[in-house]
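See structure below.
Note that the chains take the letters A, B, C and D in the order they are written out, and that residue 1 is the start of every chain.
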Amino acid sequence: MSQQKTLIAVIGGAEPTPEEARLAEEVGRQLARKGAVVVCGGLGGVMEAACRGASSEGGLTVGILPGGSAANANPFVQVPIVTGIGYARNIAVVNSARVVIAVGGSYGTLSEIAHALQNGIPVIGLNTWSLSRAGREDISIILTEDPARAVSIAMRLALGLAGDE
Amino acid sequence: MSQQKTLIAVIGGAEPTPEEARLAEEVGRQLARKGAVVVCGGLGGVMEAACRGASSEGGLTVGILPGGSAANANPFVQVPIVTGIGYARNIAVVNSARVVIAVGGSYGTLSEIAHALQNGIPVIGLNTWSLSRAGREDISIILTEDPARAVSIAMRLALGLAGDE
Amino acid sequence: MSQQKTLIAVIGGAEPTPEEARLAEEVGRQLARKGAVVVCGGLGGVMEAACRGASSEGGLTVGILPGGSAANANPFVQVPIVTGIGYARNIAVVNSARVVIAVGGSYGTLSEIAHALQNGIPVIGLNTWSLSRAGREDISIILTEDPARAVSIAMRLALGLAGDE
Amino acid sequence: MSQQKTLIAVIGGAEPTPEEARLAEEVGRQLARKGAVVVCGGLGGVMEAACRGASSEGGLTVGILPGGSAANANPFVQVPIVTGIGYARNIAVVNSARVVIAVGGSYGTLSEIAHALQNGIPVIGLNTWSLSRAGREDISIILTEDPARAVSIAMRLALGLAGDE
C-alpha cells in the first residue's frame, strides 16, 4: 500500500502579471486545503506565489530547481530538489505531478505543457497558451478562469473520480 | 579561431506522413549540400529521413539519443550521442543547433519548438504547430512549405547573413 | 526566512546484503527522529530500507526516481520525484542533500559519492568504497560502522555545528 | 548496415599537470590516426589537449558541453553538443563511447569512471584514480602509462578484437 502523497504541479513564469500571481497564490491555497502537495520549479513569480499560498494553509511545497544550489529556491519551498540540469528540470516538474495547472507563462511554460501532454498528464490552464495543429482536434488543455474550479477539476482527475463537480 | 561546424537541427515525429518524410529527407539533402551538419534525435521517422537525405549527399549526421545505447540509432546516424536522459535530450537537440527546422511532429516536437524559442534559436516550420497567446504578437516560427527555401533561410540565419534570399 | 527542511541523502545499492539493509533502515529511523527528511533514489534495497526506517518514525521521505513513472517507487516513498533522466538523477539525489550517507553500494553509489565530493557535500560511509589517488591526501569520506553515529555526525554537519558529538 | 563511427571518450580534468596534458594530446593524436572520433566534455585542460591532438591529425572531435552555449567549447571542438544539463552531461560523454580513456582527473573524472563501469564500458587509465571495495576483486580499470598503448588497447576493445596487440 503506497504512502505516496498527491502531487499537483503549478507552472508559470517568473514574471507574472499581478493577476497571474493572484491566481497562482489562490491555486496554491486551494491545493493545500484539499491535501495536495504543490510541486513547482522552485523559483519566483508564479512558482513563489503558488508556494506562498500552499504554505499559508499548512501545505507541503516541493521546488524542483534548475541550478546547483538550494539557495535560489523561493522562501516558501520546503523541500528543495537541486537538479543542476537546467531547463531539463521542467520535465521532472510535470512528470512528478498527477495533474498540471498552468498559470500564464512564456516558452518555458509552453515546453512544460508539451511535456505533460506527451506523457498523458492532464493540463488545466488559467490565462495560458493556446495550441493548434492542422488535422488534430484532440489537444486537451482544460481552460478555466477560476482558480477554485481549476483545483476542483485537478483533484478529481488526480484521484480518478468520474463525473463533474 | 573556432573549428566548429554549422549544426542545423531537424526535428519531427517518429511517425510522419509520407509527405513529411519526403520533406525531411529533402531538407537533409539540402543541408548536406550547403555543408551543414544535421543534428536530430537519432531515432526513426522524420529523424531518419533527414539523416538519410544528408548521408546520401555525403553530409555528417549526429543523433542525440534518449536511451542508454547507440543500438537504437537509425542506420544513417554517423555520430550517436547516447544521453540516457530520455526526453530531456530534446533540449540538447535544439540547443546544439544554430537554427531548428521542424517538420510535422507531435507534442515532443512542440516541446522542442518551445525550448528553441526560449533560447532564442530561430525555428523554421514545415507543416507543424501553430502557437498563440493572448497579448503576444512576437511568436516567431517561420512557416514555409518548400524544403529548399527552409534550408536557404536556415543557412542565412545560421551564418548571420542579412537580407532576403 | 527560509522554510526549507533539512534533507539528508541515503545512497546505496538496490541489492544490499542483509547487514547493509539493516544499517540503512536504522539510518532512516535515526534521521526521522532528528527531524531530517530522507532523500534517496526511490527504488529498492538500501533506498527502500532507509525510507521504511524513516517512515516508521513518522519522517518524510523523498524518492528521486530515474524512470518516467511514480509506480516504480518503493512503497515508503511519500514524495516521488519523477525525473525520467535515468542515472543522471543520481546527481540530483546528492545535490539535494546537505550531507550524504552511503551504505554499501556498487558503481552507481560510487558515482554519487564522486558527485557529492565534487560539489563539496560531506559524505559519511558505512561499509562502502575506498578511494585513492596519487598525490591527493584530501579525500574525505567519513567512515564509521555505527548508524547512530553516522546520523549524529550528519546532523551536526547539516546544521553547521562545530565540535564533536 | 550502420554508418556509425567509432567514438572513444577522453576524460580528465580542466586543470591537468603538463604531463597529463601531454598524455592527453598524444592520446588524441593516436586516436585520430586510427580513425576514431574523439568525444569529450568539450572544455579545457585534458579535453582541449585531446581535441588538439586529434584535430592536428585530421580527426573528428565532439564536445558534449555542460552549459547552454557552444561558445564555451575549446577551439578544437568541431561538433559541439550543447546539453545545458551541467555535470549530468558526464554520463552522456562516457555512454557515447565504446571505450573510455581517463587521464588524471579529479572528482568529475571519478564520476565518469563510475558511470562507465556501471554501464559496462571499458576504462583505460593513465595516471588516474584507484578504486577498491571490500569483497570486490573485479574492478576493471586497465592501467598503463603509455598513450600509444592505451589507444591500441582501446581500439581493440572498441572493434571487438580478441588477443593481445
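In this section, a residue touches a chain if its C-beta (ideal position, glycine included) is under 8 Å from a C-beta of that chain, and two chains touch if they have at least 3 such contacts.
Just so it is clear, the model here is predicted, and its values are computed rather than measured.
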With residue numbering as the guide, point to the option in B-D, A-C or A-B that repeats C-D in over half of the contact pairs.
-> A-B
Please name the chain that ends up farthest from subunit B once chain centres are defined by their CA atoms averaged.
-> C
Using the average of all C-alpha atoms in each chain as its centre, how far is it in Å between subunit B and subunit D?
-> 28
Starting from the mean Cα coordinates of subunit A and subunit D, work out the distance between those two points in Å.
-> 40
Multi-chain contact residues (two or more partners), subunit A = 68, 84-88, 91
Could you please specify the touching residues of subunit C with respect to subunit A in the complex?
-> 1-5, 7, 37, 55, 60-62, 64, 68, 70, 73, 75-85, 88, 91-92, 95-96, 119
Over in the complex, which subunit C residues touch subunit B? Could you list them?
-> 68, 84-88
For subunit B, which residues count as touching subunit A in their complex?
-> 85-88, 91, 106-108, 110-111, 114-115, 117-118, 127-134
